[in-house]
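Below, each structure is written out as structure tokens.
Here come two complexes built around chain A, the first alongside chain B, the second alongside chain C.
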Partner chain A sequence: MKSSKTVLLLMVGLALSWGLGLTAAVAKPIKIGILGPMSFTQGEGHWNGATMAAEEINATGGITVGDEKRLIELVKVDTNEFLSIPDATNAMEMAVSRHKVDFLMGGFRTEAVLVMQDIAMESKTIFIGCGAAHPKLCTRVMDDYDTYKYWFRLTPINSSFLGKVDFILLGTAGAIIKQQLGIEKVKVAIVAEKAAWADPIVAAAEKTIPEKMGMEVVGVWRPSPVATDCSAELAAIQRAGAQIVFTTFSSSVGLTFAKQMGELKIPAAPVGINVEAQKSGFWEATNGAGNYVLTINTYAPVKITDKTIPFYNKYKELYKEAPNYTAGTHDAIQILAQAIKNAGTIKADNVVTELEKIEFIAASGKVKFDKSHDVTWGPDYVTALGTQWQDGEMKCVWPYGWEGVTYEGSVPFKLPPWMVEYWKK
Partner chain B sequence: MRIVVAYTRRMLKILRSEVLVLPSRVAVLVFVIAILALPLVTQDYYILRIMILTSIFAILAASWDLLSGFTGQMNFGHALFFGVSAYVTALLNLNLGFPPYFSIPLGAMGAVLTGLIVGIPCLRLKGSYLALTTLAFPIILMGIVFAIPGITGGELGLSGLTKLTGSRVNDYYVTSILMLVLGGIMWKITDSNTGIILHAIREDEVAARAAGINTTRYKLLAFCLSGFFAGIAGGLYAHFMRLAGPSTLEIGLSFQVIIWSVFGGMVSIYGPIAGVYILNPFMEVLRVILDNFPSLPEMRMFIFAALVLLTLRFMPEGLIPWLRDKVETECPRCKVRNVAFRRSCRICNAAMT
Partner chain C sequence: MIVDILIDGLIKGSVYALLAIGFSLVLGVARIVNIAHTALYMTSAYLIYVGTKMMGLPTIVSMVAAVFLTILLGLLIYNYFIRPIQEHEAAMLISTIAVAMMLQEVFLMIFGGHYLGVNPLVRGYLTVLGVRVTNQHLLALGLAIIVLISTRFFLMKTRTGLAIRATAQDREVANLMGMNVNGVAMITMAVSVGLASIAGAIVVPLVTVEPTMWMHPLVMMLAIVVLGGLGSLEGSFVGAYILGFSESLVVFMVPMGSFLKDSVALSIMILVLLIRPEGLFGVSFEEER
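Here is the complex of A and B:
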């Protein structure tokens, strides 16, 4: 009898506490699916950036939605998109239909993102791209607004603008060489890895450099993306008398090339795209031979906005590496939080309207989406950066006076001293 | 009405005397019913997507078995047929506005033509030389794809194709019924006189030629037939994914087809189909399980590889033939298969020793 009373009391207690729990229950969290190849650096960047932003926002109580605060719940979606497109689409479908995510961000390989974009649009889920640069992802918004309006791209700037920045960097280096070394017609060696994505850049460079930039192209070299020796190319470049090596590398050859170029003290300045040089481990990986390598970048410890340096330093402290452009998920979550706050709801159509209107100061610059829902590039908005390795530190050297823009903490571009010595003789 | 009753009776009789007597046939029947009934149980988009892709890849794997398993023409570049058809389908759909029911068969015809083009230079090659040559073709085509981005879309591929059908359930029925029908046709081909000749070519081509068989013609036929079925799979894939990109030509896909087929059991048609139906959803089950252990996502490929290796170590003929041999035995006199526990043959009554 006594035991049955105890059981009854326990049951009543449980029921009461459950009831109280219900009344005190927090609002349902907002689920954000983070898409990326999670076994690769790119996916890690997506996840790390998003985790950092979610923790920061959750520490303040969450995202303001109308009268309530809702926490962010991240869903890690390993798309494995480098190895399998069907795998990527399955993962995307799982995020949408199983995890029932409210928003999506990330993606990297354009071929996979195109299909994932279709799945997101079909389910009318907002998808903020942080990885794929191809303009086609955004031209779809212009072509069929009603279907593709849920797509926005935040990082990187699209490949047309990346190309522009690439040539601006080349022009800047050319002007400095002219001025410092007194060379009238600067000679440029085009070196691009043998990959399809580099082909249009090479074609544009061959045309633009002599015709529009007043420089001379001394040759085109196309090493394998996984070459482990570039000494033959470097010897030929030196013989050709190039003062600038215009690089286009996304693979490991960028490391080999930069290392050997420094070791052989080739009298030329490496300028262009070198994804390996965007990584904080580049200096150690080249044993310091990667000094003076200049590459396009997204983040650097300069004051693009008030948020850049705190973000850069915290990211580096937490993950022991510099953020790459896939870590743009950090900005994406913050922008999304602001848009949700403005909309007062998480309904996709309302949030789309707010995202279209938003002007947000993010770590990568002032973000405003254009008509095609692409991030706006320009002196007052997101510019991208040119970073150069200078004695073990990644320094921002561009924009430096470009269209009146110089970010605090930027330094002038430096020519390798052995190059100056060689050409001044 | 009488005709219906008569046919029903005949069907039931066949069911009782031909299907229910063997576990493998019962398994096929259950499989067909399960495939057709799945949307009645669930219409979950995620599950249907996996099953649609599984059906498409099952056609592809069975078509590889037709060429490499039955005819012995070891093809390491089977993605070529898949990719060619995907691109042809996409071009017809995007440029000429052909609907899927025209663009897919025409895409498959493109793959048949490719089968002819590839088959002719490969006829004189055997074994590893043939395998390496076939491996080269999708790589060559990939080069062409990148060389003419204006037509092929280059690295991005061709996207924005018309949807296969209007709904996911319809997509499911189209792909799974096509898989069942085409799988049945391929099985029938291998069971026909042509199939026996293909088998003979694999076992001893010189002997087949000595018997008056034009082996060249039959080998070309095998390339074209295999190309056609793989082409249907490629066309379905392009319309379902709404994309035909370089990934349809990747070496990884060619090897994936071989893994599925060898795992399920070569020289059977149903073995590769079963292989895809086991391994493809298994990878997704692993995804769901490993989702609960966020620190272990990279284990997925490792578990997959370990499973395939263990299966091949202990079941070198493949999973399905191994299972079939466990539950069925062959009559020593009339060679008809019987359920393993029978003491006498169901046909000739000979003792099953």
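Here is the complex of A and C:
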């Protein structure tokens, strides 16, 4: 009797452990490492976007992999890349070797992402870039496909396309100034932070604006990316009689410049790239002085696709701020989930093949990766946006009839009223 | 262009002067090397942000509260991180660097790396000789002058000021004469931190509040104090304007090189030191020995 009880207990124990083991095997989650400077807005965007997508997919049971459903487990990887590139390298090493993540996404500073990319490629882990714009990250795929095929860039569009959008915005503002103020030759002041990524834009602007756009460049100013005062630059710009200030800012100087320009009511339209103006906290941080700043952006409450407004609103509701471009991790996880489903496995090589084929309607537009694994830019794909602060609200003002594209909810670009008043005199 | 340079330099110089006076006082008069001075200026800025934006208090109330709370923090720092090692300048230097870094990390942890803004006390701008200047900048100019005069008056015309100067001249003799040297040092520290937080209250609406905002002013403060001469408030004042004008000159003369304005300002400091090592208004090192 005693022995039969023991046997029964053993059987139950075995069955339970086998069953539990089976359950564990079924539920083994897919680990995705989210890389970003987590104490900063960009890292928060990475993490929030990814969290939102993971929760949505997990609520449906997880990612379909062959015949099973697997949940997503996110691993927060603080790269601290704003302050230290070695920190980013160490964090990446830890994600790959200690946390043994299956996929990676995020990254922000090109200098850090280039190193992190190498680590990911060495371990043959798919890495979807959601932050760095430098073309080199993708030209590497063309130069050495076998090594770099695990890299894809989803957001932002690369810096060459950013440059194109930048000049389109400038041309749009120039045309409106000509039309509304009757100014024949619009004067442009080029103001770009002194950083490597801004140099090609400045060089192109100096050549393109007078030669191809029929406008006049009245000067080029290159403040430090962390300048705390731009009043001298603004006084000089006003003296030069500029009607447009063509900005290229990704650092804190963008906030300082916009704030002081608005407070001094400089009679010119700020147009270009100002990463600080992409954040919903910009209005409050400038005490409203950032009114009429126009910048390239990725998300706005307009209908780029059916997914854009629901994503934008839900993100804002959950995190009390508008999504910035690093929140593209939301799209990245959804695209990855689709590619895994199509591949029926999480094996990197199979998923790469599926990602190369995919055409996915995301919140930022229709995503298709080109031969260099870069996100395709164009009227039928991801276009990027031009957003302008208008009385406390971030409004989409571009595309507005560009190549037949106007997203529902977009409004026309507005000139600052003090500028109109000044130049009409 | 000359008018632009003059006005812009004057405004910039005033902002620097406002920041430098407290630093100069504590370094030059009390011989306390407080590298955390600008980190306390940052503390004041964050407290004002908390008061105005998070608690919805009126700006002026937040500013007054921030000044007092920062002084309290400054005194705690003095008591635990400076006073025990006050006789060892190198140790004091390292200790205050550590305090500054600690404050930076605390603010980074609480507020993240977000760039925040504080409302100005006065809005709008004035056009002075064709140059637009914000009213907040003009306020900084006026306050810099008032603070300098008040500090000068406090040091030269009050008994406490006399005690501070006497302790600074010879701590041991002052002690033997029956003065409470620790108390005097504490008062000096309180005045200095008070000046840092007042500077914070006035300057903060002009800049961006973020966890590394203390670094750039620190470099400029060190340059100004060395340029003007250690121990000289007037020297700091003049030094601040020299750097202010040189920065404006760079932006107007070499727009493409406007990022070099700090480097040019620091080069001027080195140049002055090569010609006059004691700084513009400082006591010569030989004499001091």
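Observations on the structure shown:
Convention: the second predicted complex is superposed on the first by the 399 of 425 C-alpha atoms of A that agree within 3 Å, B and C clash if a C-alpha of one lies under 4 Å from a C-alpha of the other, contacts with A are read in each partner's own complex, and residues count from 1 in each chain.
Keep this in mind: a residue touches a chain if its C-beta (ideal position, glycine included) is under 8 Å from a C-beta of that chain, and two chains touch if they have at least 3 such contacts.
A quick note: this is a predicted structure, and the numbers were derived from the prediction, not measured.
Taken together in the superposed arrangement on chain A, chain B and chain C fit without clashing. Which of chain B and chain C touches more residues of chain A is settled by the count: it is C. Of the two partner chains, chain B is the only one touched by A:Asn90; chain C is not.
Contacts of A:Asn342 after superposition: neither chain B nor chain C is touched.
The superposition-derived angle at chain A (between chain B and chain C) is 60°, Cα centres, a multiple of 10. Of the two partner chains, chain B and chain C are each touched by A:Ser39. Legend: residue contacts after superposition of the two complexes on their common chain; A:Ser250 is shown touching neither chain B nor chain C. In the superposed model, A:Asp78 makes contact with chain B only, not with chain C. Look at A:Thr147: by the touch rule set out above, it reaches neither chain B nor chain C.
In the superposition on chain A, A:Arg98 makes contact with chain B only, not with chain C.
Overlay on chain A (Cα): least separation between chain B and chain C is 6 Å.
Residues 39 of chain A lie at the contact with chain B in one complex and at the contact with chain C in the other.
Those residues of chain A that touch chain C in the shared complex are 37, 39-41, 44, 82, 193-194, 219-224, 226-229, 231-236, 238-239, 252, 255-256, 259-260, 263-266, 276, 281, 284-287.
Chain contact summary for the complex, chain B toward chain A: residues 44-46, 49-50, 53, 146, 149, 154-157, 159-160, 241-243, 245-247, 252, 283-284, 287-288, 291, 294, 297-298, 300.
Of all the residues in chain A, the ones that touch chain B in their complex are 38-39, 76, 78, 80, 83-87, 89-91, 93-94, 96-98, 110-111, 114-115, 118, 134, 136, 140, 196-197, 199.
Contact residues on chain C toward chain A in their complex (touch as defined above): 1, 4, 7-8, 11-12, 15, 53, 108-109, 112-120, 123-125, 131-134, 136-137, 205-208, 210, 212-213, 216-217, 247-248, 251-252, 255-259, 261-262.
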